[in-house]
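When the chains are written out, they are named A, B and C in that same order, and each has its own residue count from 1.
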């Protein structure tokens, strides 16, 4: 409540009284951020499989497991943000079909259960059977349960795995698009808010999701190799970086297109949005999102496409870029979610939002939901180590 | 059909069945009575107690004041604007006193000079100058301003 | 990875995409655009409530906002309102000043000296009870709904408090109750209407600047008000089907 009084004292112009309180805080920034990481990581895995890009092979399982780890907590920011978190189940029991948010539960379940879990399951089924034969006690039982008590290791069964796995990857790509484009739609369909309401929103969300997911996998891949004291496959990194570069360009183009359209059209909301972007969002928009998150990575990656410095330098650059991109996309979500609530729908003024770094529940919860996936990932990698997979014979 | 697929289909069937059972038991009973919401919510909302009882109720006991007010210019000003919500008082007047706003500031809420207030709808006075320092009710009867 | 993909996947893929696409088309054929708006206006039956506000009669006393807070137990802090009053001041140099200190409950002060004022007026605001309400449209669980009488209501024992409707309301008429953790908004005092009383804000208005009525009844006070005056709704470009009609609304008001 004190922060509200502070916001009231620092009002800028006029704002509807109910708008002083920002309803969607940092947790809702985390929600599209995390979902975006899921979709992006998955799309990187699909690139490898569907388009058969061999160089990406070392990251295939890692990206799938990363996607799963983040997917498992993707709903948590949303749920913990609810005023009545225990009523969350209502969204699945009595979904209100005209609401974009109600469909979230189903899109989520579809993506988690049908796409991610199945793809990982088909990919690992054979290995899990082998592991269940090697392990003892509880772990044996655990792996057996994971295989749904199928111990078939015949070549035909592996072919079936391969076939269905591939098929699910193919379904998975539109599903990943759906998952994140849909998150964009949650914002893009709010006609009351001119900062959100644009048809480009799902597309922009989608491409920024790919950017962030690819950067995350790049980062995790390097981190895992560092922790395992293994040499990182620089060829693989170069390839990831190449795709990151392309998609960054696409993402940047789309976002610029959206802004240019907004600036040129200059409709009734333009004046207030101009003040918003130049004022309250200056740091997060121009410096963090555009500067650190987009322009620096694009130029560096662009240069790296033509001039290849030593391997070590490249690795360090990739590491820095992946972090920059992750930070930049975080601020992109910030600018959308928080930025969209900073100005009044009366177009006459602004409220303010200060993150409570110490003691704010939104901050601690957001951090929690960002850190937990890494622990889940560690567990998943321990449970399903990609490097212990049975190496396939190529025929 | 390969074994894996059969097992998976089974697993999904179990999952969907559980969801359907949950849906059956967790859907509230008056759901979809009128639309995609709980029909009972309507009666719940309309069942709330009203706090402002309106002038006719006050007039049952305070008929002189009510009569006075109807003849004056404050006829359109409801008793409860000045005295606060009367649902408790009307039930049990001895134990629930209403507020009686005697201070100048109170009348000035409506009568201060402000260009935004339409002059033909309400007479406005200068908040400071109009008989400074005296309570308005020493000269004006709140129930009938010109008495 | 070298099983011959050409043979089945493409076919499967096409078949499945075809099925999905077909399904979508089928569903939309069965139900064309019905999903888009949450309610449909009942034609000629029952009541269909709307509200009229005569800006020329509003004296800015804030009695409506105060009565509303008390009647509906709205939290006392100045961040939660079911209805409030705004003061617009347009200065001679074209500058527009808007203010609503504590929703107008404590009265207004005119910050601008009279000689600089071009025009100034009060605008009472409340829920528009839109016929195509964007807020009930987005409620994920059906806790925000439009009653058969055309009032946008909230089922507080079912609301999950996601705040999506707060974002979707173009008029800023909803807030999250910090104690209950659910959304709250104007009900046009549904509980009073059902008891034959006027909504608290209408009862409290000393000048009769607010009226409500049945839009289906062409002889009702509201229908006549809309017919006889030059009425406008807020943000008509958003096509919310607003049923809050203002007489003498200036174009500066958003």
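The definition used in the following text is that a residue touches a chain if its C-beta (ideal position, glycine included) is under 8 Å from a C-beta of that chain, and two chains touch if they have at least 3 such contacts.
From a predicted model like this one, the values you see are computed outputs, not experimental measurements.
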Please work out which of B-C and A-B is bridged by more C-beta pairs in contact, and write that pair.
B-C
Based on the averaged CA atom positions, which chain is farthest from chain A?
B
When you average C-alpha coordinates per chain, which one falls nearest the overall C-alpha average? Tell me, please.
C
For chain A versus chain C, what separation do you get between their C-alpha means, in angstrom?
34
Taking each chain's centre as the mean of its CA atoms, how far is chain B from chain C in angstrom?
17
Quick one: chain A and chain B, Cα centre-to-centre, how many Å?
46
Spell out, as numbers or ranges, the residues of chain B touching 2 or more other chains.
28, 31, 36
If I count partner chains per residue in chain C, which residues reach a count of at least 2?
38, 142-143, 158
Note: chain A residues in touch with at least two other chains are 90, 94, 96-97
State the interface residues of chain A toward chain B in the complex, per the touch definition above.
89-90, 92-94, 96-97, 113, 118, 121-122, 125, 148-150, 152, 156-157, 160-161, 164
In the complex, chain B touches chain C at residues 28, 31, 34-38, 41-42, 44-54, 76-78, 80-81, 84-85, 108-110, 112, 114-118, 121-122
Chain A residues touching chain C - in the complex, by the definition given at the top
1, 4, 8, 13-14, 16-21, 23-24, 49, 52, 78, 81-85, 87-88, 90-91, 94-102, 104, 159, 162-163, 166-167, 170-171, 186, 189-193, 340-341, 344-349, 392, 394-395
Please name which positions on chain B make contact with chain A in the complex.
2-5, 7-8, 11-12, 15, 19, 22-23, 26-28, 31, 36
Chain A-touching residues of chain C, taken from the complex the two chains share:
1-3, 5, 8-9, 12-13, 16, 35-38, 77-81, 84, 86, 96-100, 102-103, 125, 134, 137-143, 158-164, 166-178, 180-183, 238, 254
